[in-house]
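The letters A, B, C and D name the chains in turn, as written, and every chain counts its residues from 1.
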Amino acid sequence: MWMIEIPPFIPFLIGALIAAFTRGVLRNILMIAVPIISGLHLWMVPEGIHLQFAFLDYQLSPYRVDKLSLMFGYVFHIAAFIAIIYSLHVKDTLQQVSAMLYAGSGLGAVFAGDLLTLFVFWELLAFTSVFLIWARRTPQSYVAGMRYLIIQVLSGVILLVGALFYAAENGTLDFSYIGLDGIAGWLIFIAFGIKCAFPVAHNWLTDAYPEATVTGTVFLSAFTTKVAVYALARSYPGTELLIYIGAAMTCFPIFFAVIENDLRRVLAYSLINQVGFMVVGIGIGTALAINGAVSHAFNDVIFKGLLFMSMGAVLHMTGKINGSDLGGLYKTMPKTTILCIVGAASISAFPLFSGFVSKSMVMSAALEEGYDWIWLMLLFASAGVFHHAGIKIPYFAFFAHDSGLKASDPPKNMLFAMTISAGLCIAIGIYPSALYALLPYDTGYNPYDATHVLAQTQLLFFSALAFVWLNLKGMYPPELHSTNLDCDWVYRRAMPLVFQNMFSAIWKIDRMVRDTIKEKLGHSFTYLASKNNRLSSLLSRNHPSGSMAMWVAVMLAIYLLLSFVK
Amino acid sequence: MIIGLYNDWVVVVLMMIGLYIVIAHGNLIKKIVGLAIFQTSVFILYISMAKVEGGSAPILAEGIKQFSNPLPHVLILTAIVVGVATTALGLALVIRINEAYGSIEEEDIQHLDNQTQDETELQATEGEQS
Amino acid sequence: MKDLFAVVMLLGIYSLLSASFFVAMDAVDVAFTEAAVGAGISTLLMLVVITITGRSEKTTRHKPLLALLVVVFTGSMLIYGTFDMPYFGIADAPIHSHVAPRYIQESMKEVGIPNIVTSVLASYRAFDTFGEVVVIFTAGIGVMALLSVGRRPEENEKTTAIDDSMHEQYLVIRIVTKMLIPFILLYALYVQFHGDFGPGGGFQAGVIFAAAIILYTMLFGLTTARKVINQSFIQFIAAAGVLLYGCVGIVSMLNGANFFDYNALASDPVAGQHLGILLIEWGVGCTVASVMIMIFFNFAERREMQQNNEKINNIEGDSL
Amino acid sequence: MISHLPVLQVIVPLMAAPICLLLKRSQLVWLFSLFASAIAFIISVLLLQQVMTSGVISYELGGWEAPWGIEYRIDQLNAFLLLIISGVSTVVLIAAQTSIEKEIPKEKHTLFYILYLLSLTGMLGIVSTGDAFNVFVFLEISSLSAYALIALGQDRRALWASYQYLIMGTIGATFILIGIGLMYQMTGTLNMQDLSQRLPDVAQTRTVFTAFAFVIVGVCLKLALFPLHLWLPNAYTYAPSIVTAFFAATATKVAIYLLIRFTFTVFGLSFSFTTLPLQELFLLLGLTGIFVASSAAIYQKNVKHVFAYSSIAQVGYIVVGFSTSTITGLTATLLHLFNHALMKSAIFLALGAVVYRLGNVQLSSFNGLGRQMPLTMAAIVIGGLSLIGVPLTVGFVSKWYLLTALLEKGWWPVAILILLGSLLAVIYVWRIVEAAYFKKPLAGSVPVKEAPLFFLIPIWLLITANIYFGIDSRLSLKVASAAAQSLLGVSP
């Protein structure tokens, strides 16, 4: 059937075009229709490679469908659908168009069957998403977007170089298992790692996401990192290094998340933390672990989206997002409060919520493979997640001290989008086998056995206790109006400083050297000139056409010399 | 027998004199003169390589058996024409430059150009600031 | 040397010397051309330019030693490079034993013209010569593009008057020249037709023809010369020369042979060669003469314009 | 008539030039030159087709067989270049009438077209001919017309640039002439094919070394290879926009053709690359050229300057590919010839459109232009992306091949340097994008309209080609690799 050959990014491209040229209700209807139609279309498509053509000396397959890619394809459609609904009230063509393109490139990347196609969408992801950040139109967002863009493009360039080396080594551009042997493998690994927000390379995320628009962040949280997770799952399953990287990713953001004041930035940190779980799963590489990673990615898209949406709603209604400025909103925004709590419960992996059914898979896999220490770290991280995402966010935003803000619940479309997400969170939590049916491997795993449920609940309660105790004692870190700088200090402060200094130093040295040379030359020439009675004008030698002609003579001499010497 | 190459040495010397004039002189007319000398040296190179000892001009006539090589002559006829064409165009440029800059000294022109450049840049920065 | 006039004269002398050297080297055609072009036309053009730009060089210049060093070094490398060259005048050098012998031995049979240079020029390597004509044409167009002043402004009566009075001063020269010019033109025609047998041909003829006109112009003023030969007429001739040359090739192509294959122009190959060479020499002559005149006119026009401007400025300055 | 195609290729524009002089009316002359150029393009397409199916075409001018007469010899390489030159010339000419209306005084329009056609003739002649001296003659035709065309620029600096170009160009051409003379002295022939057979016997003489040095330096001068590039930026910047678009796409290409022709065909691979350290030298010069020129491009205030320097950098890429002397490397070089012609002509035409509307191309006047001239600016951006080497554009294809060739040779440090060079390209292109899309128009500047249709058509034709050949590179690749194979003596 001809329909099969239409890769899912095409409808989104068309959607972007539509968004660019239509207005008002028509645009809204069409935009909602795009993910629905495209999703149904994807539902029909059988597995296999549906599109292939030759480029240079290689076979490219921009549309490859298998279980792994389908899984991400579905969740991206869902995320796009929800986010589009969430942003229906926005009247900014730039945002709508770039959001559509962004979702499209995410899908393109996921269904890419070769590294070159992947690279194209990889870069498109960066270029289309940056407008979601810039669309906020503040100086900070511009600068943050710029940093974001540079890092993302850099990742793409590294990917391209890696692909190049890969092609030179293996004579193929297939996007399948790559592994860490050879320079190509490492380069591609680094490229994926940047996009995946590996520690040290994570700052673009916490830097840029909170600066994006209310709706932009919802889109952003769904695609970029998940594409990277997908790519890792495709090319590096079972790479042990990933386990340690992932474990680190789960733990370190917690500290920052606890002290961070901007609630959306807290969520950004927790995003890294969640991605860490997936990375660990991929690193373990068993069927169960991969399943866990993938399904956690699936769930994370939904519940992290929900959390970003609820915080977005708060920002949208109050214009404030810092924990210290908010509080007491539960009275006026009851629906948002409830939805937010659903999201928080999901991310904290409460039983019967979606986070539980996937996170526990990763943790079980870690135990099964004998990574006890890793399991402990993950456990700690889970507690941390609950602490900052599960409690801190709803608490500071909706309860805590009354900030006196009287904002009502957000527009209907926002609420509706959040409701869908919340519904999904609960549905998956209660009936996980629907999700499990989509997974790449069949493991017969059941999350609801007694040990799991008990262990998790215990953990959550102790964590809650800690929060309450800390808060009561007044030992909880105060929410300060500050930007927390971690590693991004390097490029936000140090690099400009270093570069400025370096360049000014270079210019200075350069000028100094030139001046001294000039002076020295001047002296010697004046000396010579005074001897020859030809004043100083030896200096005025640099006449372009004269020097050009001289270069000709010099080159000739060099060639001759070289050929005679041989 | 290295003396048998003296023609080539003359050519090299002339060539380098021409090149030196182009490099060292700032006067535009002198540069063109240098170029002409440079080109003429090439003519000499070609013509002298065509010469055959005891040969005569390549016009067929009774009783002459040995001729110099006609081909380089043909080539150099063309090259001379090219030379004069270049000179004419170069001189036309000199006239225009003289009108536009009021000088035919490279130094002055270079100086004036730098000034114009500075001015345009100044304007640009002013425009950006305002 | 600060005086550009002396520089230009020396260049002229240098050209003449090299022309005589070419005669000694058996290259009579080349010598003819070099004398006409190097010593004649280009010296003349330079002189015109000097009258426009001023004849002295600015003084404060010094000779860059570095350039001298580089040049000397390169030169010595080149001299070193000559050591493997065939010696001067040796008859069995490769240059004399590969392509050239055929020209010397067969050209009479194949082309039927005693002057081998002409037969190589006009037949064996006719396309090069075509290119050469196009080069000249290009130069003419280029000079026109640079210098033509468009529609000439209404002549200022006062300045024309000054001009005329100036020209009237050299009466003797004018009369002598008037007598000379027909002979020069005749000589040009002789050179044009004699190219097949002795040194000469379209190019030299064109230059001589142009020289006659230029001489006329110098003595009788540009305005008068313009009346005799107007701009668009020269342009027409220049274009026609190139076209004539090209058409010879096209006709031979239409006759079923290759481009510039004169054999196809007439039933007898040698006759065809004769016809072809005659025609293209005409094409060369036309283009060269008209382009030379064109270039000179444009130069002179600029000069006149500038002088007029100066005069007007002077007059205005006086009246102030 | 088919058998006469090689000569018709050159003769058509050549004969059209004097006819233009007779036509006089500028509108008419424009249409006529466009017509002539289009015919030349059609001929080149036919030639390419013929060459690809039946191999090398030899045409004896005047009916004299090869070493005695002049031969036109068309193989894949020539045919490919003929196609590039005549194609670009035709497309660029579409915009000519509109563009020069603003930039050149009315009475010089006819002369402009004549010079343009002559320049085209010269380039086509250089590429078609199989005779070394004929190369020189046509080189001069193209150079002389180039000097005059550049001098037609509005700014007085155009005159100075043209003068400098004249001096350097003449030195370059004379160098080539000397080289040809020395070769002739050692072999007694001027025909390239004949030379290539007779040179190896005398290859180890210093005369041949000298000849080679002269030819290479002369060609490098025309090529604007670092450090002989100094004449280029000003010449490109101050020339009329149409001229820049035409030359940037073709003039250096012709010089590269000569370089390839002389090193591979005339002197032969073993002489050029084993007897002399040409490989290392060119690699070094190419890389230095890339970095010096790209860095210079970053600091330019005039956008034409920016792209002129970028042209020099691109020459560096081409020369690096050339220096590998492998099939892949040569394929990359040839592909880049084609691709670079596409991008540069598009960019400079778009700049011509900006000049048409704004009167200058200072970077500061680009501020806010993205909204006022969206189509033109989009073209510049796409062209710029292509320069950087972003996938889906032609720039990517050739850069990919270049990198593959370097990796094949095991020169991966060079490959990394090339990539770093591309990052420099990102910076200079970004400066323009930033000005056009993110800055507010200068205070007091008058808003302008989109470029006229006669600009947009050729610009977008070229941009479409940029993207088309970036996605489906089979055609260009096939010709380039066939040419590379034939040059290296491998039967395809």
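Quick note on the criterion: contacts are C-beta pairs under 8 Å (C-beta built on N, C-alpha and C of every residue); 3 or more make two chains touch, one makes a residue touch a chain.
Bear in mind the structure is a predicted one, so any value in this text is a computation, not a measurement.
Taking the mean of all protein Cα atoms as the centre, the chain whose own Cα mean lies nearest is D. Taking each chain's centre as the mean of its C-alpha atoms, chain A lies 43 Å from chain D.
Averaging C-alpha coordinates per chain places the centre of chain B 25 Å away from that of chain D.
Look at where the CA atoms of chain C average out and do the same for chain D: the two points lie 31 Å apart. Chain centres here are Cα means. That of chain B falls 16 Å from that of chain C. In chain A, 544-547, 549-550, 552-553, 556, 560, 564 are the positions where the chain touches two or more neighbouring chains simultaneously.
For chain B, residues touching at least two other chains, in rising order: 15, 19, 22-26, 31, 49, 71-72, 75, 78, 82, 85-86, 89, 93-94, 96, 107. Looking at chain C, one finds that residues 61, 64, 67, 70-71, 74, 78, 80-83, 85-86, 93, 95-96, 99-100, 103, 125, 128, 131-132, 135, 138-139, 142-143, 146 touch two or more other chains.
Viewed as a network of touching protein chains, the structure reduces to a complete graph with every chain in contact with every other. Against chain A, the residues of chain D that register as touching in their complex are 163-164, 167-168, 171-172, 175, 206, 209-210, 212-214, 216-217, 220-221, 227-228, 230-231, 275-277, 281, 390-392, 397, 400-401, 403-404, 407-408, 412, 415-416, 419, 423, 426, 471, 473-474, 477.
Every residue of chain D that touches chain B in the complex is listed here, in rising order: 133, 136-137, 140, 144, 147-148, 151, 156-157, 159-160, 162-163, 166-167, 170-171, 173-174, 177-178, 181, 184-185, 190, 301, 362-365, 367, 442-445.
Chain contact summary for the complex, chain B toward chain A: residues 19, 22-26, 31, 106-107, 110. Across the interface of their complex, chain C is touched by residues 4, 7, 11, 14-15, 17-19, 21-22, 59-64, 67-70, 105, 107-108, 111-112, 114-115, 118, 121, 125, 131, 133-134, 137-138, 140-141, 144-145, 147-148, 151-152, 182, 184-190, 198, 202, 205-207, 209-210, 213 of chain D. Chain contact summary for the complex, chain C toward chain B: residues 4, 7-8, 11, 14-15, 18, 21-22, 25-30, 33-34, 37-38, 41-42, 45-46, 49-50, 52-54, 57-58, 61, 63-64, 67-68, 70-72, 74-75, 78-79, 82-83, 85-91, 93, 95-96, 99-100, 103-104, 107-108, 114-117, 120-121, 125, 128-129, 131-132, 135-136, 138-139, 142-143, 146-147, 197-199, 203, 288, 295, 298-299, 302, 306.
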